[in-house]
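Labels for the chains are A, B and C, by order of writing; each one numbers its residues from 1.
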Amino acid sequence: MHYIEIRDVDFEYEKGKSVFQNLSLNIDKNETIALMGPNGSGKTTLGKLMAGILKPTKGQVNVFSRDTRDIPLHEIGLRIGYLFQNPEKQFFANTVYDELGFVMKIKGYDEEYIKEKVEEKLEFFQLKGLVNHSPFLLSQGEKQRLAIAAVLMNEPEYLILDEPTTGLDKKRKDMLLNLLFMLKNQGIGMTIISHDRRFVERICSRFIYISRGEIQYDERA
Amino acid sequence: MTREHNLDPRTKLVIVLCLSTLGIAVNNLALLSAIALLSYVAASLFRANLKRTFRKIKSLIYMLLFIALVQSIFTRGEPLLSAGGFAILTVNGVERALQFILRMAIVIFSATIIGTSSSRSIIQGLVQWKLPYDIAFMAALGIRFLPMLREEIRDSLVAIQLRGIDIKNIPIKERISLYSYLFNPLLVGTLLKAERLSIAMEMRGFRAYDKRTSYLVLKFTKLDYLIMFFSIAITAVFLIISYM
Amino acid sequence: MDVIEISNLYFRYSKREEYLLKGLSLRVRKGELLAITGESGCGKSTLLSIICGIIPHIRKGEIEGEVKLFGREVRDMAIRDISKEVGIVFQDPDSQIFLPTVEDEIAFGPENLMVPREEIGLRIERALKAVNMEEYRLENPNNLSGGQKQLIAIASVLAMETDILLLDEVMSQIDEDGKDKIKRTILNLHREGKTMVIVDHDIDNLSLADRVLELKSGMLREFKGW
């Protein structure tokens, strides 16, 4: 059994506009995957199918042996963290602290416990100085770190990152890479959707190139 | 440059105004049904994308039906359906509900007619009718960004669930804070976009002068005049019948 | 001739303690293609905003020093006059494009400046030709790819027919293919004599330029990081 299985999947956004037909792919947790391809190739769509955000028109997408149609999104979210290309789409709170802690707060966790967990992340992601800042007013690099930190609050075992290098300068890309290596060493699997070849080459072990809804090549480093 | 094969947006505005006026002024159920049917036919003739509109406002329709039901329950009159001496449905109530539903149908169908013109031509139509151009642009911008809101609400819901929140099982106490969390990204996103867009527009000369020229020029054709005349005539007829 | 002249520019945003730009000076010659790079947050975009008058006319901040376009102080000019001399394109195409067709979008600027219809028609043609998007004239910009949208954003600003063009991280959100098209457009415009200042944090995008400067610690200096 593979961690994520895509079996004979068809997907179309609207009738007649097919993105994929009969797509099959197996993904294991221990591989770091690069999903590449030009704009409009379907790589973001594929990422969303993998995370259960989109459901296939035909065929099946299984994550940890369960059909994504049978698992509620919030359950998937606890094990697979998804990072949108635009980090602002997933910021909900008015302060960095709240952004990290609000989910636990809503679930009724103890405040002391929340504080402990949040401070851990603040430390690890170098966000301590920004505790009271609004997530929306941070720099691109800071938003990136906060988005990843927030998703990791649930301690997922897998990450799907959509174009994480957008808007990052070389220094910040290096920082992101270091971060991802650290996470990788903690056993977290990941799929990175990116058109930045040089970035993914440094961390990924398997390269899948999609164009016009088809896998053009699938190579391991 | 004129856009051919399509009626002048001002003609469509006239049609919509006529239909809306009838929708509001007429009370007779038979006449209202006829007007609603007319609106539907007009919308189809304009090849308005009715299916897509229905999909978009599905949730709104449920709310409208609910309102109609409430109206009918709270209107007194000759009882149609009672339980234990208490009239649940009355003749007047049902009449009111049907009026409401038909009026909403007329408004919705006629609104889709406007959607068949591009926002630029609607702006131009309003401007050629002497509406100040900055107001017309603001209105059109609102129209352009509103449909995106629905998409963004959906994205926000997905994102918050992916953070581990089971939106169906939140205690009432937390529901309110959940909504405020949900709307934050929408609000901020919209405000930021609006600010950036207004700067871009200003740097391209928006509101530099009191007037502006237009590449797009609308000209009425004989068909436009004909249709406007008939719309107003039919509206007058319906109004007269309705008040007799 | 110095088209842009900046002397001893100090700037900080209103609520901050530290100055972002500290005594910055810059001279841009006519027809020059200048690239400015630097880390995120160093002030490159802020600098462009100051050059085209967004600061202080639209956004606020504490600004001291000389900023001149063709010899005139920017702070003494109205945005409407500045917009005839400097055009600026931003990073996010969705915050610049808002009209239903490409043609409408490109006509928008000249219409605001009360350019007569015939001339607008000519400008639309020239702008589309400059970005190689003639076949998309009646297309809805929302149906275009990110790179294509940016080209339309550039075309819309080109239609203002300004002498100076500022490009603020215009390739940040674009894929390789789109970047190539944008770079080609920039080179063509350079050949035609347009004065341009490009801001980009990605070194790969800077090689087109005649001169590359780095913004660091609030000042500009020659870029040596190749």
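Here is the rule we use: a contact is a pair of C-beta atoms (placed from the backbone, for glycine too) under 8 Å apart; a residue touches a chain by one contact, two chains touch by 3 or more.
As the structure is a prediction and not an experimental result, all values here were calculated from the model.
S.K.: Considering only which chains touch which, how would you classify the arrangement: line, ring, star, complete or other?
M.R.: Its topology is that of a complete graph.
S.K.: Name the two chains that are joined by the greatest number of C-beta pairs in contact.
M.R.: Of all chain pairs, the one joined by the most C-beta contacts is B-C.
S.K.: Quick one: report the Å distance separating chain B from chain C, using the average Cα coordinate of each chain.
M.R.: Once rounded, the distance between the two centres reads 38 Å.
S.K.: Between chain A and chain B, what's the gap in Å when you average each chain's C-alpha atoms?
M.R.: That pair's centroid distance is 38 Å.
S.K.: Using mean CA coordinates as chain centres, what's the gap between chain A and chain C in Å?
M.R.: 33
S.K.: What does chain A use to touch chain C in their complex?
M.R.: 38-40, 139-141, 166-172, 195
S.K.: Would you tell me which residues of chain B are touching chain A in their complex?
M.R.: So the residues of chain B touching chain A come out as 155-156, 158-167, 170-171, 174, 177-178, 181-182, 184-185, 188-189, 192.
S.K.: So in the complex, the part of chain C that touches chain A is made up of which residues?
M.R.: Interface residues on chain C, with respect to chain A: 39-41, 91, 145-147, 169, 172-173, 175-178, 201-203.
S.K.: What residues of chain C sit close enough to touch chain B in their complex?
M.R.: Per the touch definition, chain C meets chain B at residues 52, 54, 58-59, 79-80, 83-84, 87-88, 90, 92, 94-96, 98-101, 103-104, 107-117, 120-121, 124, 156-157, 160.
S.K.: Which chain B residues qualify as touching chain C in the complex?
M.R.: Chain B reaches chain C through residues 1, 118-120, 141, 144, 193, 196-197, 199-209, 211-217.
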